[in-house]
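One chain, chain A, appears in both complexes that follow, with chain B as partner in the first and chain C in the second.
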Partner chain A sequence: MVTKTEERELNQLENQVENGGGGVWEYLYLVRKLKVRRSEIVLKHGLSILNDSGKRSALGPDEWILYEQVAMAAMDCQSLAVAQNCIKVLQKKFPESKRVGKLEALLIEAKGMWEEAEKAYSILLEDNPLDQVIHKRKVAMAKAQGKPSLAIEHLNKYLEVFMADHDAWRELAEIYVSLQMYKQAAFCYEELILSQPTLPLYHLAYADVLYTIGGLENLIAARKYYAATIDLTGGKCTRALLGICLCGSAISQLSRGRNKEDKDMAAQELESLAATALEKEYKQKSPAKLNLLSSALRSLKLS
Partner chain B sequence: MAEDLVLDTAIRDWVLIPLSVVMVLIGILRYFVSKLMRSSPSPDAKIVKEGQVIIRARNLKAGANFIPLRSFRTRRLYFSNEENGLLHVPKGQGTNPQAQMFSDPNMAMDMMKKNLSMIIPQTLTFAWVNFFFSGFVAAKIPFPLTQRFRSMLQNGIDLSTVDVSYVSSRSWYFLNLFGLRGLFSLILGDENAIDDTQRMMQMGGFGFDASKSLGAEKDGLDIIQHDWALPRFEQRAESVLRKLVK
Partner chain C sequence: MGTGTNGELKYEISQNAYIKLVLHSLRHKTAAVNGVLVGRISPNDEGVVEISDSVPLFHSNLPLLPPLEISLIMIEQHYVAQGLSVVGYFHANQRFDDVEVSGVAKNIGDHISRYFPHAPILLLNNKKLEALSQGKDRSPVMQVCILMLRAVRLVAAGTGGSGSLCVRDASKNWRVVGADGGSKLLLKEPSANVVLSDYISSEKWKDVIDFDEHLDDLTKDWLNPGLFN
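Let's look at the complex of A and B:
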């Protein structure tokens, strides 16, 4: 994860680079270190360094790393000719290299030639069956071809070996949600909460999924997780506030016939407080929509 | 007995500085040699999987109170199930790391190379220091020490009345041995600043004994009592909102 100081430094360097100041190399180094995705800027400035042979020779052995970085950025921006040139240079310098082989396979995938890319990746995997990046590329290809079930299959196989990779769990959860397989998505979000319990994003997503599945028990749990999100974000998360109001009204609807004891009496005022906080926030940020919000909240309370 | 001995500046020029320079150069040489000799490790799929299982089991232990009871129970069963649970190691099969080490020639060679690359330069330098730079006072330590350090620091000096703060060049050698890490991080880049102390620590760690850690994780999981923390969060959210709304 990128820390705040690193983020600030990155933004600072980015501004400097974009406005014509120097510091391009430090910026590129920081982008590489933090693994952020700033492909357009990387492409523009990286290419300017590479095309200028004076600056290029000043880099020394780091020039090849820059070629790799620019090739990947070019593929991200669909400048396939640029990527092809970079890869050709790298191939001349490092023939028979697995790292360059990976870039070539990526280029084939970027061109959209799925079968050849599949073949290239399988060959690379034979040499090194534990390469995480190639496994993830296969999943990405399946997703790009519009075959989510194939992507799910690949991801599950990947997660059987690399089960501590939380990015993979997150991707799987999102694919499940897109396919409306909510129970499985809930499982994935639970894994994410386990690995990083202080991140409100996962609590929020889990609460959303629980609310969507429905049923009294799930709604009560969803409310609890929305409350956790509010606690972790200091009350600033609008979605969680709305979630609490919706859960509250859904719970009261479902438990109308039942005993009052079934409903969770722990936090009575939570809904009214959430409603008040919402109105306050809307008043501050978009007063034009305040009427909409108030009428929506009123209808929730009545139902 | 605090007479101030006047130390010749020639000692500084011809002993302290050359010794430090030599140690720095040896360190750099060792870095490059180790880079050349390093054989790329080929990780075994099983070992990788076991490592990841342990991380996941640890996450489960740490975050157990954040997920509902049923989910926790399901996962615990998945891990510690007697028949095919991930953490369950049947009695006979625990891999013996010692046997594995001697049977796997690659690993044995790696271990030997690492040890050798550390022992030989150290021994040589130490012998060189002893041969050339013994028998005189090399430096004065700025803070006073007790008499116990005399045998360690004043090795070549055969006078027993000299203040313990005056040390021989052997102690300068040891000082350099443990302290050049900062210098190496400047010269070789931040990640390569492995100095002798860390290497000595690395020497002690033998192969990764997976079966014991799996068993330990399983026991840890079995012990946990699940206490769902989420209801408390509702209270806290209430107080947060109350403060916000006021």
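Let's look at the complex of A and C:
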């Protein structure tokens, strides 16, 4: 996961690079470090370095890392010929290398030759059964072929071994959400909250899922998790503030006529505080939409 | 709602609405994206729904309710002042060759059609989009799905349908109507695809803001004013 500061730095560098202001190597390094997916730009600028023999030799041993990075970016952009060339260079330099072997298998996968790729990955796994990247490729292939249940199966098996892999839990949660299997997604977020209770992202996602499942208990729980998100983000999370208001509206709708008054007085205060905070945010950052927000909040109170 | 003179309902989409949605899906190539269509029944012809604008919604976690609910409330409130409302839904699947109407698309389509009967679902047709740069195809790069009521079987007529219509029949199933001859989705400006191709070459998609981004940064405007200036 990338922090806001890191993202800002990355975008600044990216702007600079795209506008001919240099800093390509720093940008490529940052992309590698943060593990973000900016393949088109990496391909364009990485390739221009590789195609310039002067710049290339100036890299020294980092040249090979760049070949690897460009190969992967090329595959992501379906520039398979470029990828093939990069891999050839690496094969020549590092024959019998497992790391290059991974790239070769990745290329087969990029070509959409699923069975061959499956075989290639299995061979690689024989030598190194704990290679997380390869296990994840199997999940990715299942997704790419439109077999989400298979992806889920692979991912669950993976998590039995690598249960501390938060990214994998998140991926699994998102696959479940995309299939509208909300309860299973909720379970994933519960695991994430248990292991990293101070990350507001998980509380927020969990609250969203609970709200989507619906029902009075889930809505009350969702409100608690939105509140936790607000707490952990110092009140800056628009989504959580809106979530509080949505929950309030939904809860009162459900408990109406049930004689079950929302006995949580704190909750009502929370709602009006959230509304005030939202209006303040909108006034500051999006004043043209302040009226829209206010009437939206009003309609939530009435419904 | 009435039908046209030849008994068919047609959807006419403005260039801006059309291009905005396609650019949005190009901005997030690796994700499923969605958006809403904004418009009204044509005051000149009851059988035509004018889609005059669109709002790109999300590029992550589409099936979650809270962001969707808040976006629909705000969008409706904004456009009601112009006599417009949400009249349909746009969806682009994550995978290139996925032509199915997903569960979430059906659910959202159902919801919208409760307020605007005959609301269509427009699905991005990736193959047509890819072929855009090569051909001179003037038909939209989208498939149309519409909700069909029990007794009325709307016939897909027309020529060169790049859009497929999804029709919902009595069993509440949205179905993609094959482009057998007719298209119910018409581009209001015939040169829309030319303009779209231009924008794609100039990477205009970088400027499209959706509701997701607005929620993460309120200074970003989901109305995208000035996008086409």
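Here is the rule we go by: the second predicted complex is superposed on the first by the 245 of 303 C-alpha atoms of A that agree within 3 Å, B and C clash if a C-alpha of one lies under 4 Å from a C-alpha of the other, contacts with A are read in each partner's own complex, and residues count from 1 in each chain.
As a convention for this text, contacts are C-beta pairs under 8 Å (C-beta built on N, C-alpha and C of every residue); 3 or more make two chains touch, one makes a residue touch a chain.
Quantities reported herein were computed from a predicted structural model and do not represent experimental measurements.
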Practice prompt. Check the residue A:187 against both partner chains and state whether it touches chain B (first), chain C (second), both, or neither.
Written response: first
Discussion item. On the A-aligned overlay, A:197 touches which partner chain: chain B = first, chain C = second, or both, or neither?
Written reply: first
Worksheet item: Does chain B (first) or chain C (second) touch A:144, or do both, or does neither?
Response: second
Practice prompt. Considering only the touch criterion stated at the top, classify A:286 as touching first (chain B), second (chain C), both, or neither.
Written response: second
Practice prompt. Would you check which partner chain A:242 touches, where first means chain B only, second means chain C only, and both and neither mean what they say?
Written response: second
Discussion item. For A:130, using the defined touch cut-off, is the partner it touches chain B, chain C, both, or neither? Pick first, second, both or neither.
Written reply: first
Discussion item. So in the superposed three-chain picture, is A:273 touching just chain B, just chain C, both, or none of them (first/second/both/neither)?
Written reply: first
Discussion item. Which partner chains sit in contact with A:300 here, chain B, chain C, both or neither? Use first/second/both/neither.
Written reply: second
Worksheet entry | Set intersection of chain A contacts, chain C complex versus chain B complex | none
Item to complete: Name, in rising order, each residue of chain C that touches chain A in their complex.
Response: 30, 32, 60-67, 69-70, 73-74, 77-78, 94-95, 97-98, 103-104, 107, 214-219, 221
Discussion item. So in the complex, the part of chain B that touches chain A is made up of which residues?
Written reply: 43, 45, 48-49, 52-53, 55-56, 59-60, 62-64, 66-68, 71, 230-231, 233-238, 240-245
Discussion item. Per the contact definition, I'd like the list of chain A residues that touch chain C in the complex.
Written reply: 37, 144, 146, 174, 177-180, 182, 205, 207-209, 211-212, 238-239, 242-243, 246, 281-282, 285-286, 288-289, 292-293, 295-296, 299-300
Discussion item. Looking at the complex, which residues from chain A come into contact with chain B?
Written reply: 129-130, 160-165, 187, 190-191, 193-195, 197, 221, 223-228, 230-231, 234-235, 244, 264, 266-267, 269-270, 273-274, 276-277, 280
